[in-house]
Amino acid sequence: MSEKTEIKVFAGTGNPKLAQAIAEWLEMPLGEVAVSRFPDGETYVQYEESVRGADCFIIQPTCDPVDTNLVQLLLLIDALRRASADRITAVMPYFGYARQEKKDRPREAVAAKLVADVLSAAGADRVIALDLHADAIQSFFNIPVDHLTARGMFADFFEQKKLENVVIVSPDEGRVKQARKLVRQLNAPLAVGYKHHAFHGHTEITDLAGDVKGKIPIILEDMITTGGSIIECVDALLEHGAQPQIYVAATHGVLAASATDRLQNHPAIAEVVITDSIPLPPDKQREKIKQLSVASMFGEAIRRVNQDMSISSLFD
Amino acid sequence: MSEKTEIKVFAGTGNPKLAQAIAEWLEMPLGEVAVSRFPDGETYVQYEESVRGADCFIIQPTCDPVDTNLVQLLLLIDALRRASADRITAVMPYFGYARQEKKDRPREAVAAKLVADVLSAAGADRVIALDLHADAIQSFFNIPVDHLTARGMFADFFEQKKLENVVIVSPDEGRVKQARKLVRQLNAPLAVGYKHHAFHGHTEITDLAGDVKGKIPIILEDMITTGGSIIECVDALLEHGAQPQIYVAATHGVLAASATDRLQNHPAIAEVVITDSIPLPPDKQREKIKQLSVASMFGEAIRRVNQDMSISSLFD
Amino acid sequence: MSEKTEIKVFAGTGNPKLAQAIAEWLEMPLGEVAVSRFPDGETYVQYEESVRGADCFIIQPTCDPVDTNLVQLLLLIDALRRASADRITAVMPYFGYARQEKKDRPREAVAAKLVADVLSAAGADRVIALDLHADAIQSFFNIPVDHLTARGMFADFFEQKKLENVVIVSPDEGRVKQARKLVRQLNAPLAVGYKHHAFHGHTEITDLAGDVKGKIPIILEDMITTGGSIIECVDALLEHGAQPQIYVAATHGVLAASATDRLQNHPAIAEVVITDSIPLPPDKQREKIKQLSVASMFGEAIRRVNQDMSISSLFD
Amino acid sequence: MSEKTEIKVFAGTGNPKLAQAIAEWLEMPLGEVAVSRFPDGETYVQYEESVRGADCFIIQPTCDPVDTNLVQLLLLIDALRRASADRITAVMPYFGYARQEKKDRPREAVAAKLVADVLSAAGADRVIALDLHADAIQSFFNIPVDHLTARGMFADFFEQKKLENVVIVSPDEGRVKQARKLVRQLNAPLAVGYKHHAFHGHTEITDLAGDVKGKIPIILEDMITTGGSIIECVDALLEHGAQPQIYVAATHGVLAASATDRLQNHPAIAEVVITDSIPLPPDKQREKIKQLSVASMFGEAIRRVNQDMSISSLFD
Amino acid sequence: MSEKTEIKVFAGTGNPKLAQAIAEWLEMPLGEVAVSRFPDGETYVQYEESVRGADCFIIQPTCDPVDTNLVQLLLLIDALRRASADRITAVMPYFGYARQEKKDRPREAVAAKLVADVLSAAGADRVIALDLHADAIQSFFNIPVDHLTARGMFADFFEQKKLENVVIVSPDEGRVKQARKLVRQLNAPLAVGYKHHAFHGHTEITDLAGDVKGKIPIILEDMITTGGSIIECVDALLEHGAQPQIYVAATHGVLAASATDRLQNHPAIAEVVITDSIPLPPDKQREKIKQLSVASMFGEAIRRVNQDMSISSLFD
Amino acid sequence: MSEKTEIKVFAGTGNPKLAQAIAEWLEMPLGEVAVSRFPDGETYVQYEESVRGADCFIIQPTCDPVDTNLVQLLLLIDALRRASADRITAVMPYFGYARQEKKDRPREAVAAKLVADVLSAAGADRVIALDLHADAIQSFFNIPVDHLTARGMFADFFEQKKLENVVIVSPDEGRVKQARKLVRQLNAPLAVGYKHHAFHGHTEITDLAGDVKGKIPIILEDMITTGGSIIECVDALLEHGAQPQIYVAATHGVLAASATDRLQNHPAIAEVVITDSIPLPPDKQREKIKQLSVASMFGEAIRRVNQDMSISSLFD
């Protein structure tokens, strides 16, 4: 792949604002592609400029409506393949179905593996993703996956706040590894929430490992869905004596149901920092919810992929 | 595949009523499978009974919401495969994206081929379909496809009406082949609608080949989407002197937008016969719209597939 | 694919004259490849120059002897793949088995899909085809297919004739879509042949939709095999009052059996225009049969594919 | 798969004793297969009885020497495939390379996914595994994987000991989910080890969440490699006041380097319970190391797979 | 595959007489399948009876016309697959293109591998072959290949002749391994022809290793193509003092060009024994050419494959 | 593949000295890659420099320990693929399992085909090999294989010796084809060893075809494993009157068991010439064993592959 291969960046309808911001960072216009829906709900896509021999990137998070965004992405890939694109990269700031990445009970599907398989079947040559819910999803692919993280952006964000006496909190055991990296970046101690039964047979409660008394917690998550587990973690922190000034940093603001109100209305939550991997529509915007942009990170990644420059040296 | 292999029939959420009717025809209960959606719009499926070694059929038309129904079908297939089903048949009374079966313009996707590919990638061993929009879709698969047709049901329906002086009408050249078969079954003449320009550069109009004067037309279609082309055909029939007692027979009642009202309110339309391949919700039900059930046809097909009996001898 | 990638064009034995003409248009010699047959009928191929890293095109229509030409094409592809060609394009001016593109009856093969599958299995990276009998064949492939058409050449040809009072005729419903495009290019009205039974149970006859009285018909077809359906169409045109000066334009001159004599000897046929997609051996040449060359069209397509330039902007 | 399909069980050289025990549980002899090595280190396999149409199981953990055992397993599968076995199940009591299941650093391999891919490429139809290091490995396959666990056996073992005041310990966040299930089975509280820095920049230490003071800990692990992390956990438990009577339950006794001596010689370790998923050679046998047999569990699983009976109802 | 699976045997047009003989041995009629050719040379196949769930065998040697027979076989497989056959076995008494099984010179194809690949791509589940020109061809497949040999039939044939003082001759190094097996069966010594240059730079001649003086040679070959190398071998045998009573045993009588006359007219050739793997048309029949039938061998193999009985115990 | 694509050459642990020599010939350093083993015997690989878009070559003979070297090679390929290498070439100076390239007995594996399949499954784009034991192995791949030979080096070596009255000896029929090429290069006669039974039922002995009396033999082999067949050949040569000054030229010095001593101690063996395709550790070095380096040949091949230059013109 010589650096002379023309780069073309297209946007699905999953997050047009982010796509536009990435294009601006790259100082190039988004490629022309028409995406529309027929009255019966079927999606139709057509590229309105030649893509022959081009190094094509499709920006499409598979956020809600997840199935529509996913099928649209598959159609966008298929059309590129048939139109002789040289290389097709699915840029997925949010990777839907990531939580179904293994069988927890008999006779379930493994949706995340299925998504990986159909992306390859449609013709994707590579994937760029952000803070996948499970690292193993990267392994589901046999094509290269560049796995970016917003953790560095969160570290910068909190460093500029110059908070004192901070503690990094992983709300459960699943995020400990990532939290530990933030611990290193912010030079702060770690606390981990875990669920257990104080007395046998009693209700499950969320307990905390690590000292949080008098500290300002920063809860690190990959996504906020209904906000339920965040609220549980916040309450557990307060019970263990943390300051009622609690920060939440989560890459993906899924914010389903009444998540925004629950977060906004909790008196101990100081601020919830998310990224623009998923659009934040006006009705979900709240004062305490702060959105950082991953546009420059994705722009830089796209540029480096196109020019065969290392990405690992940049991120992580 | 010995006839002793246990048969299990499951329903997605695409058309539960038809699935129930098929199960009743087969005199067996539908298999237990839980299909639910998370607050963020992702689908979750789990079979609640063992499927090991069973000959499994999933009834799921990919009608509106097409992408949701399609992804659900893929998940249902994936879970069966991982749970050691012996054979997995996707029973698709309606096959969404069928109209995007070829590139008409540059840089389009071929959605119907993509759907065929991802069904195979998910693990489907065979497909049962009904009046596919294009015969070529059957060829997209390398797995066996049993392609049923409602034409015989329509022929019976109109024979019982004992209408006199009937003409079978294909509204455009795409349905001529199917119409010709109905012509044979009903022993009636044929007329074909086709679009042309009466004078060069003027608006395209729908003209008619074949004599319809004084005749009672039966328009044969595979699907009614917005009803627009049906109405055009009806009007052309009237202009050419057909009786204002026009019947429409279409397998799939997509009935998007205001199709139902347009059909109901047209004075020359006597009756619109569709099947229950797609659910007809109460708000789309109209006096003139008559729904025939394909449950027995699908039930018989499933039984024959399970028992390795010929299907071609039954249908067509 | 940078434009610096060396282009190499090779010819199978299917149509050496056309291959030579394409090479001349490209102002480059045909690549050296030996194709021979052993006494037992097996084909042997060997490239006699290095193809490493080259952008290779094999010109091979799969016309009669279709199986021999097809297997030869597969061998030519296989040898290129093993010899480290960078990209392999099967240039198929005529695509044999195209009429078996769907199952019309139970337990048939779908030969056209099989051909698509084995071309991919042998290692073809892309295909260039001309006026495929069915558009769906393009969809059978998951590799890019550039689908050229001779319709523009036919339009130019008839425009230069400055015929007055022309009507474009599709001999059956299968060619209506293509005929409609020629209608636009020649600004002429359309007529469509269709088969029906004037009285029930009687012999099938070919009728005509559209006004042809006193007009000069141009029948558009994709191929002429035995000439039978053309003759039927010509006779129907005469019955409906068309002028006994009828033109036929068909991309592929298969001309099996006594097709050439039937066309030549019909008094109402003025001229039959075909292309050189298939060789026209001396014993098939007749005065009324005019052959246009697609060499420049294929040459231009090859050049553009090699240089990653849009093809859709050129053709259609 | 009818229950009449003959079952055949073969053993690789990875764990002949376990294979023999499984065969005895099944009350059938092991199938005849010769596995040998040439002087140059290459493995040769040959089945010495017909396997046509049989439901074949190969018992082969890919423990040390892992590469030899893996390649041998691939050869055993390949030979079955070529000899017309009806179904091939790789029974892997230990799945080597399981810890390399995701990229933790740039430019690593994902060995566990590679192993899954080559098992499928060789012709395995299904896999039976035991306590995989990461659940995601099950998702790497598109063939069915039955994932057994020794947790129930450990629960029974400790219940029979009638220990009082027990606490279940997950040595790190990776085993919390499994530990939580043991908590339910033994009705005991949970403690979780996690690594952190007491003071920033200082050495990483292992701390504990949950109350262990005066309690008898049962540490749950999937495998013991060098024993290092177990010892760290034991020491942390003692520091937090646990009784110096500590039990370790780990499915896979890899026991590399001086692991056995380290465990045997630690005064606070009361007993180390492992299974016979991996052979325990005489030089690794120690008084404190107790081996439970998974033979009956695998035997039952093989019988149920052969008879299409549910496995999930038995285990977990 | 239970033994209750219905067996169906079909014949392509490659060797209808052998197919008929096999069916008679099996005491069952050949299945109904129509194979025809269109005027343009394309083949059309349709099964005229249901094949659902059946264990189907297609008897089709890919002898001359090799490409036509090969493509026909692919179509026959494809149609079975689409018609829901349970298992498809390509029974190939002669495997065309077998001599192109490796690259001897740069930029050749490997036709035999291509044939193996396209048979699998078309949907063959297994292959039964006879005396493949190279053993490696069996390895080209990942599906099971049952490789029969006529060597036992030849041994019986010559044993019954009760010839004295016989020597088994491999005409070149390629057949030594097979000849050695015949040596064991007939308890006779071995001689091997090999080509060399008596004096450097002079013409290549065929020399002989092993003592043939006064002996009656039986030359063993897998096929006779033009007869050239057989004649060379015969002449070399005479030069080395063999008796002018030379037998030739070759499984496949390709007999291209004037092979039959060359063999018939050579005074030292006593008899040429071939099999009916390839049809021997009347114009190729000669007095010295004796054809043994492989019908019972193929019949027995088909029966055993269907019933999951070992084939190796029968042959070789 | 433009010649500007950066070349990177990496070494597995199979033959570091040869890898270093190749890199020196190419005048470039070996790429940085860490290959290590965990205490439990599992291999871990990580590239320590970016490989994005690079044309990567991995030098790794799969000699003893063959399974470890093979799995390591697969891991090295997998890691390159996931790290976005542009092209991955497995450079295999020795290809292990090459002797298991066909089924000689029922129910064997075809290990060489399995190796080819898993190399492709892991992501290899091409292979460079040296004197494969069987030419057919090249055909097992559908990716390009450049098959080098040391025969030219051996020819040069013996020409410089200016031996008189030389005879080229193939120790069995398997090497005759290669020996014949050396015959042409050295302008010497040929002799071929073959095994037979002097008297029926007696022990098999090695006999010789061709005149060796008073000649100096050069035995050509592809590999020396235990040396047994070489010794047999040497003894047969002496029995037939060859001079007791016998040379052996074998590409691959596997030299298992006591091969080195057997060769060194045989009085009639003058010299054994092998290459450095496999490391020759100090304990295997003997006075009579002479090692030629294939470093320049592999270096030149790598350079030409990278620059899309013909390799066939160089070698063979």
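The letters A, B, C, D, E and F name the chains in turn, as written, and every chain counts its residues from 1.
Going forward, a contact is a pair of C-beta atoms (placed from the backbone, for glycine too) under 8 Å apart; a residue touches a chain by one contact, two chains touch by 3 or more.
This structure is a prediction, so every number in the text was calculated from the model and none was measured.
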item: Graph distance between chain C and chain E, where chains that touch are linked; value: 1
item: Farthest chain (mean CA position) relative to chain C; value: D
item: Rotation angle superposing chain C onto its copy chain F by C-alpha atoms, nearest 5 degrees; value: 120
item: Classification of the chain B:chain E interface as same or different, half of numbers criterion; value: different
item: Farthest-lying chain, centroid of Cα atoms versus that of chain E; value: A
item: Computed distance of Cα centres, chain D from chain C, in Å; value: 62
item: Approximate Å spacing (C-alpha centroids) for the pair chain E, chain F; value: 33
item: Rounded Å distance between chain D and chain F, as computed from the means of their C-alpha atoms; value: 39
item: Whole-Å gap separating chain D and chain E, where each centre is the average of the chain's CA atoms; value: 50
item: Residues within chain C bordering two or more other chains; value: 2, 50, 82-83, 103, 105-107, 110, 113, 117, 142, 310-312
item: Pairs of chains found to touch, sorted by chain label; value: A-B, A-C, A-D, A-F, B-C, B-D, B-E, C-E, C-F, D-E, D-F, E-F
item: Of chain A, residues touching chain F in the complex; value: 1-2, 126, 142, 144-145, 305, 308-313
item: For the chain B and chain D complex, residues of the former touching the latter; value: 2, 4-5, 50, 52-54, 81-84, 86, 123
item: Parts of chain F lying in touch with chain D, wherever the complex brings them together; value: 38-48, 50-51, 63-68, 70-72, 74-76, 78-79, 82-83, 96-97, 99-100, 103, 105-111, 113-114, 117-118, 121-122, 225-226, 254, 256-257
item: Touching residues (chain side chain C, partner chain B) in the complex; value: 101-107, 110, 112-113, 117, 134-136, 138-140, 142, 147, 173-174, 176-177, 180, 183, 187-190, 192, 194-198, 200-201, 207-210, 310-312, 316
